[in-house]
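Alright, structures below, take your time with them.
Both of the next two complexes hold chain A, though its partner changes from chain B to chain C.
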Partner chain A sequence: MNSVIKYFSDIAHGVKTLWKGMMVTGYYISHARKEIITQQYPENRDTLQMFNRFRGEVIMPHNEDNEHRCTGCQACEIACPNGTIEIIWDRKPDPETGKKKKSIHTFVYHLQMCTMCALCIPACPTDAIIMGQDFEHAVTDRSKLTKILNKPGSKLMKGVEE
Partner chain B sequence: MEVVDKDKTIPGDALKSQEYFVNMGPQHPSTHGVLRLVLTIDGEIVKRIEPHIGYIHRSIEKMCEKDSYRQIVHLTDRMDYLSCHINNVAVCLAVENALEIEVSDRVKVIRTIIDELTRLASHQLWWGVMGMDLGAITTFLYGFRDREMITDIFEETCGARLTMNYNKPGGLMFDIHPNFQKRTKEFVEHFKKKLPEYDQLLTGNVIFQERTKGIGVMSKEDAIAFGVTGPAGRASGFECDIRKKNPYHVYDKVEFNEVLLTEGDSFARYKARIQEMWESLSIIEQLIDNIPEGPIEEKTNAVIKLPKGEFYQRVETARGDFGVYVISDGKKSPYRLKFRSPGFSNLFILDKIARGSKIADLVAIMSTLDLVMPDIDR
Partner chain C sequence: MYDFTDLVRSIHESLVASLSPGMAALVEWIIIGAIFLGFFALLGLVLVYVERKVCAFFQLRLGPMRVGFWGTAQTLADTLKLLLKEPIMNKRADKFLFNFAPFIIIISSLIVLSVTPFAPGLQAFDINIGLFFVIAISSIGVVGILLAGWASNNKYSLIGAMRSGAQIVSYELSVGLALMTMVVLTGSLQLSEIIASQADGWWIFKGHIPAFIAFVLFIVASTAEVNRGPFDLAEAESELTAGFHTEYSGMKFAFFFLAEFVNMFIVAVIAATVFLGGWMPFHIGGLDGFNQIMDFIPPILWFFGKVAFIIFLMMWFKWTFPRLRIDQLLTLEWKYLLPLNLMNIVLMAFVVYMGWYFGN
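The block that comes next holds the complex of A and B.
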């Protein structure tokens, strides 16, 4: 007789605990508008704002005169753990003093090898590179991931010294 | 005339099942990554479990031997990615101890808060996945809902949601974001309301209890013998909390209890993690309002060179005792770097505690051990 009572009380207990759990889901169904947290990506692409510190990719800002701040000192190349940054530099004569000065020819950034550790940013003595917030990096071909950060025809900003 | 062996004609004997092998993984969803278990099973009873690891081995320890001490830190993100900040801090502490640098109180407090947030995020994900392993998809969504708030805090302050790389030997990469305290307080308030829901939804559930109580019992002796640490070890009564035993940061100044249970079954391991979440919340609450002022980094040389010798630092990650063992020969990169990962020890007790259980129970046991494969393979 006891086993019969236990059998039914177990069923009742089981139903009770399941009901308790269902109360939680029931609350969220009835308060769906208040509790919703899902973002509709990519529909919200126009309004989507990433945090300022978000590390999406390395970029080199240029001003309106097509000037950057990179002197070609290669500090970022040394700081990078993965060989992501590759600087091809040459020596050009300074138009004012006539002395030969180190300058960058191409700043190659291999996005496919980058782990977004951001060790290159504090390494840079002239703040030439920063982390950009773009995170949509999908491309159809691997070669498109190798980027050249200095724009064509750009030169070093005046007053930036190594 | 052929002699018939009488024993072979007994029906019960003829129906006797045969042992056979089954591969569970390496792509099985409940093995949390690429873990392959070779099971010897008899019907549905598991007779023997042989974990085969190495599918995600990336030779992180070897890569550390060519990197400078600053560069090593970001590699540790990729090991136990769910407690990445704690791993980063372990390497930084090892280097700081070797160089005899004392970081400011501000750095210590910020590191403690983010450590605890990481632990909470890890346990939330574990809770969601644990429910899903046992067939309840709802928990996964609820766990991720609360975890989202923590990842937002990380994204705003550290710059990334998962692989944060917020620390460097000597301090922090940059100061906390002005919104950090506000957001963290909001999260603590929010999560204090939501954590009882976890109990309501899953802990009390009769199906969940039937599937975890008395399953995979680990004795205290086994836990010590196999070196099982973290919540899994503490659920068996093994006092192994590094935060209490060997305090780092400001853990000796905050009040919290080491969660100790004695049952040692899957349900106890589950309860230990839920209680740890309450402890983590209390630690954050004690610290968040009074972050002391001070410098966020101590000055280090441009090229960090450790003195000759061997250095060891242990910290408590969400999974247990994590150790960094550095052997330095005075150069800019370590001669040898060894990581003691908690997951590795926790995995190999599986054969001991899950032998004789059903396959479905094995999934439950594995889930309560909270394995992260990159941590085990490195």
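The block that comes next holds the complex of A and C.
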């Protein structure tokens, strides 16, 4: 008799759990209008907002006086696993103290080699570089992928090295 | 829109008046055949689109959106692509059987479609053993699947075909018994009579508990019989590439694809006809005002509405449940569905004997 009861309770249990599963997907389809996560990309290009943690490319923010925070310490170049970052630096005399000081000449960023691992970001002691949100990197020529991140005529922001 | 009997008769009479009897019959056959082939193709197009959209919404995606408004022309473009593709054949394949198999499947679905009662007077072939005919002919489809698997000369195809054979042969039993339970109630196998007997209420309501159990058993077993949903072992993309139609390409592949969807439609038609009253509007005995409002909706809309409901139910199964293993599949049939069906048929016979159903 017990086995008969078990047989029917198994069926009831099976039906119950199947119904539970169907309710989950039923919720999805009945709330599809607001739950759908797919985005229509080229159409929504103007309003598209990438999420904060998205890694599009490495960028170097400049303030309104055309100043950046990069001291040319090359920590990012060392941290980079595949040689994406290449810093060309020189020693120029500091206009205030007159001593010779290391500074960046060109911050070269080879986008074609970058895997967006973002190991350079925590390596930077002065937070000079961050990950940008732009992901439309298609270009017609390979040379366009080699980017220079520091803007022409830019200089080091004051107070970064203290 | 309500009753097609007069329209069909007037077409018949005008043909008989202008042609000899033999020619008139021939023209009628050709017209009916063309209509069914057209309907068949249209059904495939619509159902593939609906399937992709419903699946997308279940998975919180948008599905096809690019071709036409909301992707409505997507299946049309896919069909065009399949028509233009080269039919490639395995060198070691059995040429005759390889080319013949898709047609068996297509023909068996097409024949079953011929007894479909769409609306009053709109039924190509109303025979007195309708339900039996449907079960018998729809079983021929498995021969096509087995032949396709064998003739492809491919291990995946053969495994898929053998799985499919085991599955369809077992589940046919449950489909048949579930329908038999309802035949006990209806007392007729003729589809038009089964529908006529539901004028005062659908059998799923009039037959209460045993009818509802039979409905659930029928839906489960028929989902397995059309190789869909959680029972798609015969195709099993992740294990067998595509099962029995791995080696097929172009239009022959499209035939298998089309037959799967048309079979789903056929199963939905049977369920709608036997359990939900076919084209019969929803009636409650005694409430004349309510019944008249329901009569106002054309029967053909009732029919397609019910069929759409059952197709949606089957899609819901497919996109909710994980695929069964072959032993689980056979356990479900032989240890659960079949004993339940047998118990249910006895229960139904008792209910009918005692007259404990509504509308007797």
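Observations on the model:
Operating definition for what follows: the second predicted complex is superposed on the first by the 123 of 162 C-alpha atoms of A that agree within 3 Å, B and C clash if a C-alpha of one lies under 4 Å from a C-alpha of the other, contacts with A are read in each partner's own complex, and residues count from 1 in each chain.
By definition in this document, a residue touches a chain if its C-beta (ideal position, glycine included) is under 8 Å from a C-beta of that chain, and two chains touch if they have at least 3 such contacts.
What you see is a predicted model; the values in this text were computed from it and never measured.
In the superposed model, A:Asn2 makes contact with neither chain B nor chain C.
Judged by the number of chain A residues each one touches, B leads among chain B and chain C.
In the superposed model, A:Thr97 makes contact with neither chain B nor chain C.
Once the two complexes are laid over each other on the shared chain, residue contacts for A:Thr17 go to chain B alone; chain C is not touched. In the overlay built on the shared chain, the residue A:Ser143 is in contact with neither chain B nor chain C. Touch criterion not met for A:Gln49: it reaches neither chain B nor chain C. Legend: residue contacts after superposition of the two complexes on their common chain; A:Gln40 is shown touching chain C, with no touch to chain B.
In the overlay built on the shared chain, the residue A:Gly26 is in contact with chain C alone; chain B does not reach it. Common to the chain B and chain C interfaces on chain A are residues 18, 21, 24-25, 37. Across the complex, chain B is touched by residues 13-14, 17-18, 20-21, 23-25, 37, 51, 53-55, 79, 81, 115-119, 122, 131 of chain A. On the side of chain A, the complex with chain C involves touching residues 11, 18, 21-22, 24-26, 28-29, 32, 35-38, 40. The touching residues of chain C, counted against chain A in their complex, run 54, 56-62, 65, 316-317, 319-321, 336, 340.
Those residues of chain B that touch chain A in the complex are listed here as 67, 70-71, 73-75, 77-78, 138, 145, 148, 155-160, 163, 165, 173-174, 177, 197, 200-202, 204-207.
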